[in-house]
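Report on the following structure.
Labels for the chains are A, B, C, D and E, by order of writing; each one numbers its residues from 1.
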Amino acid sequence: MSDKRVGVYVCHCGHNIAGTVDVEHVAEWAWGLPNVAVSRDCQFMCASLGQDMIEEDIREHGLTHIVVASCSPHMHEKTFRGACERAGLNPYLFEMANIREHASWVHPHDKDGATDKAKALVSAAVHRVLQQQPLEPLQVDIRPETLVVGGGIAGIQAALEIADAGFPVYLVEREPSIGGHMAQFDKTFPTLDCAACILTPKMFDAGAHPNITLLTYSEVEQVDGYVGNFTVRVRRKARHVDESLCTGCGTCWEKCPKKVIDTVFEAGMGYRTAIYRPFPQAVPKYPVIDTENCTYYQTGKCKICEKFCPTEAIRFDMEDEYVDLEVGNIVLATGYDIFDARRIPQYGYGRLANVFTSLEFERLTNAAGPTEGKVVLRDGVTEPRSVAIIHCVGSRDKNTNEYCSAICCMSSLKFDHLVMEKTGAQVYNFYIDMRPIHKGYEEFYHRILDEGTQFIRGRVAEITDAAHSPEEEGKLIVIAEDTLIGRQRRVPVDMVILAAGLEPRADAQGVAHMFGVGCGDSGFFTERHPKLDPVATMTEGVYIAGACQGPKDIPDSVAQGAAAAARILGVIFRKQVALEPIRASIDESRCSGCRICNTMCPYNAISFIEELSVSRVNPALCKGCGTCVAACPSQIITGAHFTFEQIMAEIDGILVDVHTAPPEHTAVEAV
Amino acid sequence: MTRQAYTYYPGCSLQHRSHAYESSNRNVAQALGFDLVEMDDWNCCGATEYFSLNRLPAYALVARNLARAANEGADELVVPCSACFLNLHKTDKQMAQYPDLARSVNQALAAGDLHYTPGTVRVRHLVEVIISDIGFTELATRITRPLYGLKLAAYYGCLIARPDSIFDSTEHPTTMDRLFEVLGAESVPFALKTFCCGGHMAQISAETGFEMIHKIVKNAAENGADAIVTVCPMCQLNLDVYQNSANKLFDTDYQVPILFFTQVLGLALGLKPSDLGIGQEFVDAMPAINKISEVPPPKPKRERRDKQALPMPVMPE
Amino acid sequence: MKTSQDLTFHDRVVALTPGGEALEQCLQCGSCGGSCPAGADMDHTPRGLFAMIRAEMEDEVLRSNTPWYCVSCYACTTRCPQQIPITDIMYTLKQMAIQAGHYDHPHATKFSETFIGFVEQRGRSFEAGLATRYHLYHHPTDMVRLGMMGLNMLRRNRLPLRPKSIREVDQLQAILAEAKAIAAKETYR
Amino acid sequence: MSDKPKLAQYWASSCGGCEIAVLGLHEKILDVAGAFEIVFWPCVMDFKYADVEAMADGAIDVCLFNGAIRNDENAHLAHLLRRKSKVLVAFGACAYGGSMPGLANFTDREAMFDWIYFHSPSTENPGNVRPEMRTTMPEGDLRLPRFWNTVKTLEQIVPVDYFLPGCPPEAGSIEIAINAIVSGQLPPPGSVIGSDTTVCDECPREKLNKKVKRFYRPHEIIPDPNICLLDQGLFCAGIATRAGCNARCPQVDLGCRGCYGPNEGVYDQGAKLIAGIGSMIDADTVEEVEAILDTLPDPAGYFYRFHLPQSLLRRKALGNGKKQPKTEPVAATR
Amino acid sequence: MSQNGTFKPVLVGFLCNWCSYRAADLAGTSRMGYPATLRDIRIMCTGRLDPTFVLRALQQGADGVLVMGCHPGQCHYQEGNYKAIRRFALLKRVLRQMGLEDARVQLHWASAAQGVLFAQTVAQMTEQIKALGPLDWPRHWPDEDPFARIALAMQEDAHE
């Protein structure tokens, strides 16, 4: 151990650390730690001056290990590893002590405590670094194919960007057509252009692109492998229509006698047939048979579609197929679900007929929707003369979802305009705060104000049909405190639109699990860094785009789709990617073959070699979590960079000032 | 499965102004084959009053009951009054949630040689006990006199629906409505089923109280209810005793009798109205009871769906 | 340990309410005021009161009739998107108003005090006594109407004239005395 | 005086099984007798402590010390033999890890005496007799060595050169050790003489993917003779126990007891059993996990059966974990 | 360890890299104060927590050990925290048998967004440990052998 020479650098971070922690004292004290050959304090370690100092000391003082006490390793570990590398030192012989986020910033009123803690953390890092080994990152090749999961606007954008750059893309969509939620909308804020007009060309491009393989009515079932080399199993649900023969002429669905409520595309507001194409602009144009509702599958009779199909494309015996795709990178763009407004029973959705959700209203107002764009009450004929739009339904509410759904203010303003344009009804908006925060949004708000909408600042307490006065009879009464006047108000209206929030897809947890990404508190997929890395995830090679990452509107979804594509293109062009060498390895000469570790690995990186009766780790599959390392009762699995010896040294180091001395001899009573 | 016997906390109201509830509870319990064993030397829960005056004594007052019930070896305490239920339940819950509170309360209890460990006694409302422990299937087999033709408004009041609903929802519970259907009666739509009866408001600010009472009675009457069914002596008192005062204030003449749920349950079990304390109410219940028919009403025809109408949102079962 | 003098009014309200910290999270959305069945009679909506608490308007808050109109229905509490225990805060405000001698709405207090007087004395409430004593002192003009009602109650066997007591009144009184003693020196977190 | 190396063997707090184990070498014991001059072995020959005290320091070439350190006498002999021996071997599980006597570290002296002399169902003690360090009799004072609160391993008292694990050490292991000593080809001091893998390596049972929904005690099921006992829910410490015994216990349907102690490099055998056994639990909620663990009573007893005094924590907390004031003797707490 | 007679506990924390370490970072960037009692060690996942680490920390003088990871269902490695739950439950049982109070060793969850929860957890545990007093584990090995101090010291050296 004597030939090891540790350099310790304690950062002031301006006043950030030095304001609380006695930085000079810590640096002085660190001279006394084992093998410390250099200990200095510095204003800003991350600045070039600080980095240069490390490099010079390595060269001049022959330092073999480096400790920097500054901020979180999530902030600058890479920076300092780079400095070590430039000076010819293996970057894994560097260790960081987090004395800013974990000390100075959280103990501002306890300078002594913060200084003691900083000393303990520095000591821990010094003890640990002495045990660290040089490691080499793992280089893996990147396949050029990309999988995009989800054919909404974010997924379409990502697929097109990559395909246009000349690389193959598989675009998987669970519904019969790509298009996503955007295809359900009529107008888009704030410009009020028609959603179909701007979406359809993109859908067509995606469908016709030579580099894009469209896998609609399909779902990913299994993901194996790692960045550059994923193997993905996709289930292609049986369409029961032979795509090579179908011309999309529409005879089948025109003849189909079975009508069912379309809860997906029409949001429960309209009907479709058992063999159906969700909407006229669908891509691909082929219909599917919904076997749960098709009369033939229920009773064995009917087959009318088959009879009328001019190209004999109907295939009742078609079965689900599986295809295995080899891809280098994955974009998750699985979108969102709309908040189920029944979870706020006081708003009466599902009980009071004329309470609609925003998605229902989108269909109502869509020229291709069930009412051909007429805004009417649930009876299908009556035009409302007064409409209330309730903001923040299932958003900003600890009882449902605590987050802001980001799009409801703007879509409510859009509804205001559409209702007034189509019916001339008086519109009331009940809101907590208005948040029109992007370019052109505030202007749109002003326009709607000009158009004569009433804005009542107050979260709606309840919506009831229990009238208290003649003018309330037969109406829906919206009860809220108008917080601007501090009085309770009862506003009778004909129609209520609930601006329901956005939620993670119901199966988001399962999808996250399958692709190895995390879900935050809200259930949306977690990005690698909320500010600086918003489309990458903790799993190398898996990216996220669109509303699966958090509520967002169309422009943001498109931007994220493109951003994910740009990240992936960068990786594809590099052809190789370096992986952190934090990997487990088994000393096979000492493995007893007890197989405790075999069930531990979530990535199936551990296999049991029967003939040798030992277990083995596939380093490319291992993600370095260390659960097998902890499990091994023989202690012969090594978790690189988080070895037993390193962590034990860190524990001893962190308690350097409280190491319990051998107990003093105490008098013992006579027996 | 129902137990043989439950430790029972009747509460003050059932001892005087709501005898009817007490007698119907006892007789229904007997008919259903379980005992309500009154806990020894219980004291008033303090209603909503004590918490307004002095927080800690209020908790201590309630906790004395919990501690004594625990000392009796009870792991459950069945309460028929919603206010008592809330106070007992809330004290137990908050003592568990806030250790500081539990410490102070137990410090006070120690003056009476008592101690209460939160979570020891599960406080339950009688209606929930009957519905969950016996269950609809079993209840259906016990019905000897179905309440055909009787239209009832299920009035839950606040304190079993909130702050923690003992049923399905804090806003629009439907469990008791299902009970009425099991009894053969019809449950009418009732928007104000969890709207407050006003509590002590009728005493301290009569007009405020009467307005609330009037809203509830009006909504039930307009939906065709023959009677409003409650689970709480306070609700019954307000809606019943002050119904005419409220009528006077609003110049209406609603006459909707207010019954306890054990009274209608008792009727369906074949008990005599007099055994159920019917007759003690201010708004006479007999006209409603006389509406009960021997034969089930004809099934309402399913309305044909209007071709133009839009589908209602699909409700999951 | 801070004493009440060191704390702001806001802090004291929070400290005296189990779960009261949530008060700091008020969004001023008005769900409470909209939900309140007695809201129309309140001089300030609960939301307004919370803003006043934040603004340290102690005097106005404790003189407000709002807490006294609270019917303890918990509608605001369950609907509050920030899960503020509003009903419990109303209890706290009533208690603080009484201690400050600030309330301008003695009916409710006197009703509560009369009610609790019986409970403290006997361990049970006493309806007949409550009605007569409370109205005799505070609403003597109402006695005629009340007398009629009392008679009706009596006729229906709903108004026993003899109060009941619990057996171990001593135990209860000892507990309550101790609780009051603790409450009197209630320390603030 | 012969030129043969001088051998001593001593029996501190232990059952004596280690002594028998040496005899278990059968005819090879004669080789031992032939190779060494036995200078101290109270179990088989008459020696007095004074004989040892009279030796020059370092006069003994090899001392095989078995038994844990339980009282002043054990400690005295440990120091004495250390001083007189060139090579001190902690022989067997008691000297190495504390073993059965070490399980007393789950309690303390007072509680133990109380139980043994007063409360145990098999105790009959009409005179309320209890051992005292000093008893005055007409003939004079009788003295007993002081009985300690805490059992220690030999290494916790004096520096030890080699450790020979096992309860008792297998004849094969003893032979290896003796041969090494005789031939002078000793491993570096401080080594444990034995294998550096675990019992599973020697166990012929077939190992499966370890997931259990409950544990069984040996009387509850008849195990499949070919399948790993742990896979069948029977506790076996083999996964975390140094190999060397040829998996004796698992071979006869009995889960490994763990007597060979932790594997090479392991600080705490119990911790490794917690990790290993804990990893097998097939449940995701705390409630389910607890329900499964309810079927494994006394985990600390199982996991530290042979090595409690040697483990990281070494003994159960005295005084309920509360720190005692420095002035008060620790032994006074119970 | 103690200043002016007040006991300031020393807690060793094992924080998972993805959730609770980031929660601690967030507590820092948001300047949420908490007592300077916790000294944290980063591990990639609570599934990496070797029970030996906890025992070592207690043996080396920690008054308590706080293990924190991602909420169940939110593990970066899918299910490492479930493995932690299982091993931890067993560890707790053993520690209980060793006479250790439950509050000394705790397992909690905090997502990367829960800086507040992280700070609260540290504050709460600090209070609990303060109430229990110092652990000072080696004092539980009353040393009756006057020579043993030397031996122990040598042994400690051997481990370094």
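Here is the rule we go by: a residue touches a chain if its C-beta (ideal position, glycine included) is under 8 Å from a C-beta of that chain, and two chains touch if they have at least 3 such contacts.
Everything numeric here is computed off the predicted structure, so don't read it as measured data.
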{"item": "Those chains which touch subunit E and also touch subunit B", "value": "A"}
{"item": "Pair with more cross-chain C-beta pairs in contact, given B-C and A-B", "value": "B-C"}
{"item": "Far-end chain from subunit B, centres as C-alpha averages", "value": "D"}
{"item": "Subunit B and subunit D: spacing of chain centres that average the CA atoms, whole Å", "value": "67"}
{"item": "Subunit A and subunit C: spacing of chain centres that average the CA atoms, whole Å", "value": "47"}
{"item": "Centroid spacing, where centroids are CA-atom means, of subunit D and subunit E in whole angstrom", "value": "30"}
{"item": "Residues of subunit B whose C-beta touches two or more other chains", "value": "170-171"}
{"item": "Contacts with 2+ other chains: residues of subunit D", "value": "146, 149, 266-267, 272, 275, 279, 329-331"}
{"item": "Shared-contact residues (touching 2 or more other chains) in subunit E", "value": "50-52, 56, 59, 83, 87, 136-137, 139, 141-142, 144, 148, 152"}
{"item": "Which pairs of chains touch, using the document's own definition", "value": "A-B, A-C, A-D, A-E, B-C, D-E"}
{"item": "Subunit B contact footprint on subunit A (complex, rising order)", "value": "261, 263, 268-271, 342, 345-346, 349-351, 353, 357, 360, 364, 370-371, 376, 378-381, 462, 464-466, 468"}
{"item": "Footprint of subunit E on subunit D - complex, ascending", "value": "69, 72, 75, 79, 106, 146, 148-150, 152, 155-159, 190, 266-268, 270-272, 274-275, 277-279, 281, 283-284, 286, 289-290, 293, 298-301, 303, 311-318, 320-324, 329-331"}
{"item": "In the complex with subunit A, residue positions of subunit B that touch it", "value": "169-172, 191-192, 215, 219, 306-315"}
{"item": "Contact footprint of subunit D on subunit A as seen in their complex", "value": "590-600, 613, 627, 630-636, 644, 648, 666-671"}
{"item": "Residues of subunit E defined as touching subunit A within the complex", "value": "1, 3, 8, 10, 12, 18, 21-22, 24-25, 27-29, 31-45, 47-53, 56-57, 59-62, 70-71, 73-80, 83, 87, 111-114, 119, 136-139, 141-144, 146, 148-149, 152-153, 156, 160"}
